[in-house]
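Look for chain A in each of the two complexes below; its partner is chain B in the first and chain C in the second.
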Partner chain A sequence: MTLTLENVAKRVGADQHLDPLSLELQPGSFNVLLGRTLAGKTTLMRLMAGLDAPTSGRVLENGKDVTGASVRHRDVAMVYQQFINYPAMTVYENIASPLRRQGKDKAEIDAKVRRTAAMLRIDPFLQRLPAELSGGQQQRCAIARALVKGAGLLLLDEPLVNLDYKLREELRAELRDIFADGKTTVVYATTEPQEALILGGNVTVLHEGRMLQTGPTGAVFHAPASLECAAVFSDPPMNVVDAILTNDRVALTDGTSLPLSAHDRNLPAGPCRVGIRANNLTVLRRSERLVPIKGRVELSEISGSETFVHLRHGDSTLIAREEGVHSHPFGSEIQVYADPDRIFVFSTAGQLVAAPNWRRGALRNIA
Partner chain B sequence: MSKAATASAAHALAPGALASPANIRRSSSRVSGKTVILIGYIVFLMLPIYWMVNMSFKTNEEILSGLTLYPHAPTLRNYVIIFTDPSWYSGYINSIYYVTLNTIISLTAALPAAYAFSRYRFIGDKHVFFWLLTNKMAPPAVFLLPFFQLYQTVGLFDTHIAVALAHCLFNVPLAVWILEGFMSGVPREIDEMAYIDGYSFPRFFTTVFMPMIRAGIGVTAFFCFMFSWVELLLARTLTSVDAKPIAATMTRTVSASGMDWGLLAAAGVLTILPGALVIWFVRNYIAKGFALGRV
Partner chain C sequence: MDKVQDNRAWFLIIPVFLIVAFSAVLPLMTVVNYSVQEIFGPGQTFFVGTEWFESVLADDRLHDALVRQIIYSLAVLAIEIPFGILIALGMPGGRSARTSLTLVLLALPLLIPFNVVGTIWQIFGRGDIGLLGATFRAIGIDYNYTNNSAHAWMTVLVMDVWHWTSLVALLCYAGLQSIPPAFYQAAKIDGASKWAVFRYIQLPKMRGVLIIAVLLRFMDSFMIYTEPFVLTGGGPGNSTTFLSQYLTQMAVGQFDIGRAAAFSIIYFLIVLLFSFVFYTIITKTGEGEKK
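For the complex of A and B:
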């Protein structure tokens, strides 16, 4: 279905949970809501589902106004962050329950339940109670119940967050295929930029109840409209340093000067802010093009097979990514290397001025 | 010290698995110390009950002639009288009738009320919820006169429903508190999930929600049953003949020939039985019930 939100806002008491925002979700599209905790993802989802009514604005389903309509009469299905199943019913009955409410006949229910359960690989457990399943299986059961309903709008509120790392990876890879039926409009909320990138589709970035940007996931990632958006859609958060822009160079406050690549030329001179993602700030000098930046080590954070080195550089903290597990002594002066072709230039007010040409970059990486 | 630590670690790792002889000896001596104290305590608790059961199988002559630890001339006379004399067994029927009635009314009223307190915010909800319990803060005698007068006026005096309704004064608030505790343990998302799935509220409540809190409903029913079953003052005052409860019958056993001790003891045994039976069914949830469902 086409879901249209027109200036919807949510206020609870004196707290503005969601500023007015407008959004249109196309039929069959996959939409990611990205934002940190308290960004308003769940609030927005509840408005989309009709569990809460917006304080102002309208919600339209295929052009029909459904603002304030009871969730019972809406064409939605939802999966919660917590594993929500009916504990007193077997897995089979759990999955069958939306179909039973729709008044489908027995044979059809049975066929659909078994097909969906097989798709989510919980078919051996149909006669068990949800409490007798592992966390991942419980969530699969909840997802199966949402899928089997065949609703036009499927909402997933951080469905993988309570699962362990391995299961999350596994289920995420499967979800993408499961949702690819092209009929259902899927909305998927997550706090992790990684997850948004893996899932693809469209992304809507939320921060503290405001919509920062919306668009195709790749485009938003490679050209975040503002520093706030870049901070949310970057893990670890994008490094930001104050700088002065001159004709074809950008000078950091400590005097380090980076040449501007073609895409950043012809920008108005003056103070600006420069953003560099951690993976474009490396400890190894991979190429002569890279510009050294000095910093004092504050922390070496090991994440999987990578190390994130936190550096103090003037007033700001820089985070550089390093392949492999390394440890730099606290307080030691080291140099990290920034790729001038990969820097973002923001105005002092935080609006994007120039972004690296990511299509060209992608091609070069392949070569 | 280190040995004890190793032993307890071994226990923790594999309860019931192989243990060294030293462990077995020490733990068995510790258990026997505990056992003595526990047995002493249980004897202390069970003695009055045993004595009543003991008396119920004795003749009045044996009871009055001296101390005997068990019936020397066991007799079922006392039980036979209770099960054959209508003035006795009707007391049980009356009690069971109004207690059941009360339990049903209390649960029917308390289930929706507890759901509202657990799920919705409304003006004064916290205050109303707290002041529900005021009825339990006063002794039942306080309500004796108003109830008596009221029921006389509306013609409810000496009916089962009168006692059942009077007991609701204590049981409904208690039931609301216990059920609210159990209901608040159910995530709100389950309610929402059910509405998304297309359940109507009544259907959701009866087919999804109530099965989830069935332990709470059982415990609540047990508490209502118990309070109503043992309550004597209101039950006796609001009835005379037609709905006279067993407890009231028992207080009126003094006849011209003196007190019938054996009969009284048999009646006492039969009064304990239903409670013991109900406790058996909810034994696993009673502690949670006493904590009003908030454990």
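For the complex of A and C:
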């Protein structure tokens, strides 16, 4: 379905939970809501589902106003952070429950339940109770229940957050294909930029109840409209340094100066702020054109098979990425290298002025 | 690590050994000892074998008391459990003054001692000075627990319901509060009816506390003594003479120690049997859900 939000806002008592925002979700599209905790993701989802009515604005399903309509009359399915299944029903009965309510005949229910269960790989456990499954399988059961309903709008509210790392990876990889059937409009809330990148589709970045930016996930990642948006959509957070732009160089406040590249040439001279993602600030000098920056190690954070080195540089802390697992002694001198082709230039007010060039295909490599 | 041998370790278990011996083993063995003897007085005892047990098992009054007891306990469960669930479902949730007030009001009957509950209802039901009795009389019902068996029986039952339904309600309330709100949201999105929410979410989630409630109320009502004792002393006739009542009459009233001891052991075995049955049911049902 096409879901249209027109200037919807939500206020609870004196708290503005969601500032007015407008959004249109195309039929069959995959939409990620990205934002930190308390950004308003769940509030927005509840408005989409019809669990809450917006304080102002309108919600339209396929052009029909459903603003005040109860959730019972909406065409919606939802998956939650917690694994929500009917505790006393078997997995089979759980998945069948929405179909039974729709009054489908037995053979159809059976076929659909088995097909959906197979898709989510829980077909061997159909006769078990949810509590007899692992966390990942319980969530698969909940997702199957939501899918089988065949609703026009499927909402997933951080469905993988309560799973351990391994299961999360596994299920995330499958989700993309499962939702690629084309009919259902999917909305997926997450706090992790990485997850948004892997899932792709469109992204809407939320921060403290405001919509910062919306668009195709790759486009938003490679050209975040503001520092705020870049901060939410970078993990670890983007390094930001004050700088002065001249006609051929950009001079960071500490004296380091980077040559201009294709994307930030011909910008008006003056003060600006420069953003560098951690993966473009490396410990290894991969090429001669990379510019060295010196600092003192504050922390080596090991994440999977890479290390993020936090270093003190002047007044600010920078985060650099290093391949492999390393540990640097606290306080030791370290030299990291910035790629002048990959810097973002923001105005002093934090609006994007220039973003590095990017290709559409480049997305997966970064993720 | 090498195994250390030190016989002084035996001293460490002496306190536990003594406490268990004096509080459980010795009294029980004393009763067993009594149950196989005819006792005329100190030093005048005769071994009678299983005679007491045979006479107790053949005792019609005991059979009546047992049947009365079982019907009473089942009636207590049949009223208090559904009633408690209903109250819990109707209670306000969240942290508000209303919630606190409801909880305090519900807890009040639980704080009142058994004999006080008996006395309250004894006075409450009197036709001359009791509000309940006088009201019945005023609307033309000849309510009198002192000479009408059914009235006495009902009064004891109502007393127990008044006293203990709160316990069931509080237990169920705790069970309901532990259900994450997301379950209700999910049910709402599924379009589930109120009955379906109760049947498929609330009831299964309350199962654990409900089993405890059933067990507590059954055991407790099976050993009821104080309320009928205060109200009518087991009467009129034998209408409210439950097992404890009958046992006390035998042991303290008639000083029939041997018979009472045999009865105690049988009573104990009955309670043990029911406990075992409940325990089995608890561990068997919902095995998959409780993990």
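The working rule: the second predicted complex is superposed on the first by the 359 of 367 C-alpha atoms of A that agree within 3 Å, B and C clash if a C-alpha of one lies under 4 Å from a C-alpha of the other, contacts with A are read in each partner's own complex, and residues count from 1 in each chain.
Here is the rule we go by: a contact is a pair of C-beta atoms (placed from the backbone, for glycine too) under 8 Å apart; a residue touches a chain by one contact, two chains touch by 3 or more.
Being a predicted model, the structure only gives us computed values, none of them experimental.
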item	value
Superposed partners chain B and chain C on chain A - clash or fit	clash
Chain B versus chain C as contact partner of A:Ile198, first or second or both or neither	neither
First (chain B), second (chain C), both or neither touched by A:Ala131	second
Touching partner for A:Met78 - first (chain B), second (chain C), both, neither	both
Partner chain(s) touched by A:Pro98 [first = chain B, second = chain C, both, neither]	both
Partner chain in contact with A:Val161 - chain B first, chain C second, else both or neither	neither
Shared chain A surface residues [contacts with chain B and with chain C]	49, 51, 71-72, 76-78, 80, 82, 84, 86-89, 97-98, 101, 149
Chain C contact footprint on chain A (complex, rising order)	49, 51, 71-72, 76-78, 80-82, 84, 86-89, 97-98, 101, 128-129, 131-132, 149
Chain B-touching residues of chain A, taken from the complex the two chains share	49, 51, 70-72, 74, 76-78, 80, 82, 84, 86-89, 97-98, 101-102, 145, 149
Residues of chain C defined as touching chain A within the complex	180, 182-183, 185-186, 188-192, 200-201, 203-205, 286, 288-291
Interface residues, chain B side, partner chain A - complex	187, 189-190, 192-200, 208, 211-212, 214
